[in-house]
Amino acid sequence: MFRVTVRDHVMVAHSLRGEVFGPAQRLHGATYVVDATFAGERLDDDGIVVDIGRATTVLHEVLADLNYRNLDDEAALAATNTTTEMLARWIADRLADRVGAGDLGAAARDLAGLTVTLHESHVAWASYERPLSPT
Amino acid sequence: MFRVTVRDHVMVAHSLRGEVFGPAQRLHGATYVVDATFAGERLDDDGIVVDIGRATTVLHEVLADLNYRNLDDEAALAATNTTTEMLARWIADRLADRVGAGDLGAAARDLAGLTVTLHESHVAWASYERPLSPT
Amino acid sequence: MFRVTVRDHVMVAHSLRGEVFGPAQRLHGATYVVDATFAGERLDDDGIVVDIGRATTVLHEVLADLNYRNLDDEAALAATNTTTEMLARWIADRLADRVGAGDLGAAARDLAGLTVTLHESHVAWASYERPLSPT
Amino acid sequence: MFRVTVRDHVMVAHSLRGEVFGPAQRLHGATYVVDATFAGERLDDDGIVVDIGRATTVLHEVLADLNYRNLDDEAALAATNTTTEMLARWIADRLADRVGAGDLGAAARDLAGLTVTLHESHVAWASYERPLSPT
Amino acid sequence: MFRVTVRDHVMVAHSLRGEVFGPAQRLHGATYVVDATFAGERLDDDGIVVDIGRATTVLHEVLADLNYRNLDDEAALAATNTTTEMLARWIADRLADRVGAGDLGAAARDLAGLTVTLHESHVAWASYERPLSPT
Amino acid sequence: MFRVTVRDHVMVAHSLRGEVFGPAQRLHGATYVVDATFAGERLDDDGIVVDIGRATTVLHEVLADLNYRNLDDEAALAATNTTTEMLARWIADRLADRVGAGDLGAAARDLAGLTVTLHESHVAWASYERPLSPT
């Protein structure tokens, strides 16, 4: 299996709902350093599993919808308790949509799956790994 | 699959038994930067795979039994050649016990597995990955 | 010159005032990974420039006043545009007060200065370096 | 599953063939920080999955064939478009040959697989994971 | 003293002239992860030492002149043995020119100096620190 | 000012003398990731401040005298409370001796100073900076 990862980041405010979160129920914020990993069994004729330039661009575009925002006020996340796990899945699903729409190019057609990892500090991170359907 | 990782560290002395270890057969020591990764297919009603606060606390407690010690003198490790691999498994098994005892909370009941990684330097690390039984 | 650094982090919401900040004028947030560096010309009789345990504790206490908060609502920061530079100075000045109050112990009496560095992402950080007066 | 990883690096010039690579079609270069991960279900009698000293030596030897070279001029890579993915596989296959030849020692006989990760910058990396046949 | 650092990277081919460089006299390459640090005694009215957005853009523009190139063929570097130290100075001097030209904005007028650090691998890096004249 | 840094590591056992050290008075251990920084105002005719290959070799040799040892039993350190600060100075002074003896080559003759940083974990490190006399 081949895997290619690109890194970007996003800076957001939010609050978490549920007693389990203690002080993180207050409005606070985070920098998430975001790694998007694209996995595939085969390389295309150029010898790549995904165009790293397009992957970088698409990840940046997906994060732009969150960046410098208060997630508590975003309609797209109104039904979401924006834990690190939930955000990882939300970003992974947006990236999967973009792969399906052909935005990552021909090489991405054979991708088997993708993983999104959000580093919330130097001592904690979370990820969501999901399969991709051939298109 | 969702995964949450928390990081801590432990500073120990030890020696290794076996000619393969060369100079590491002498009494020496290591800082292990320890990553504990908890994996689960589903999020609980709060949107988490594990309570990151509890995970941090339990990892710290497990490491406290080793920290600032000479592992050659620890009864709990008397039968163990304390290689990085063996320590990774020992810590993973202690964490699994704590999950089983309910110390990581309700969210941890559905965990599918955990991985413990010990970084012994900037150029070498080892991990042990094991499944968890539903409780 | 000897220098000792300890690392912790803080997760906050805030907004910045001024057109120069563009989208960061909106309410957003950040994880700051915070390094506090203590500098001194001489070691004490124990061979340390500062008690690393106390330094870790005092840094954690200073950050606790900011952690999981919206800085826009904090009275102590009402007059402060909470840029990374300003926060670095604010934290450094709080640490200097604690050194002056003797909270870092006898070894800290001869400290010559301290530096606080705030990493706001993997691609940007800021620091403030200031002298300390002998006490 | 146990995994042991060792890290080294290699500095090369090369150019990539294909319009998808844009400016990287020009002769340029890269430092690849290379992680070789060895995975096995069982530990040997010494309590290791692989001799970390031998793993470090063999990885260094494999990289020595590439280091400080223009890959466009290397006969061994003449048929290879030297993308990060392709180089990861090339290195992994060389390491697999060395495992098969017994160069990683008795402990390596039961290895189940290996993964080679090439970090081309702080924001992009690629890996190739392959199984190993018991010898 | 306040300091702000932004990070980017550049991927180049080159060779070094001089027996001291051994195999690095051959055409090879490097990824340089580049940190540009801007230092100033005072903050401007916005509370910044430099506009981090502009600093990021200007660093990227300076590196674009080198990126994906063979430095041996660049007229601007014809007289330069492109060691890591020399490249750090070359980049720092270009950045100083841009500060002087006002491209980093009003806040940058009071900068006291800047430092450019080039990381050539995980185990080696070099930097050049220079003063800036008030403009 | 130019600065060149090379990184290596050392794994040792030791205990610390003094109540301030709490549990670190027990025999324990550490991995120190060691950065040696060489600073000079001028480059030599080859365009370097120090031969990075020689710097790497000499640092490795200095650390070899400590590696895989119990520092409590080392005659050379019998009078030393082996705190991170003290070890940083000890290593820096050994490196200064080697510069004085000409072991870092002609380029090192004009070095102005050196700094040794010991990272004892991901959250704590210490350094010692000292001048060098022209030879």
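Which chain is which? They are A, B, C, D, E and F, in the order written, and residues in each are numbered from 1.
One rule holds for everything that comes next: a residue touches a chain if its C-beta (ideal position, glycine included) is under 8 Å from a C-beta of that chain, and two chains touch if they have at least 3 such contacts.
These numbers come from a predicted model, not from an experiment.
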Please identify which chain has its centre, taken as the mean of its CA atoms, farthest from the centre of subunit F.
A
Quick check for the class: compute each chain's Cα centroid; which one is farthest from the centroid of subunit D?
C
Cα superposition of subunit A onto its copy subunit B, rotation angle rounded to the nearest 5 degrees, comes out at 120
Once you find the CA centre of subunit D and the CA centre of subunit F, what distance in Å lies between them?
31
With centres defined as the mean C-alpha position, give me the subunit C-subunit E separation in Å.
27
Separation of subunit B from subunit E, taking each centre as the mean of its C-alpha atoms, in whole Å:
41
Which subunit D residues touch at least two other chains?
7, 122-123
Write out the stretch or stretches of subunit F touching subunit E in their complex.
1-8, 43, 45-49, 51-53, 56, 105, 107
Please output the residues of subunit E touching subunit F within their complex, sorted ascending.
17-18, 20-22, 80-86, 88-89, 122-129
Hey, which residues of subunit F end up touching subunit B in the complex?
7, 9, 11-14, 23-24, 26-33, 67-70, 120-123
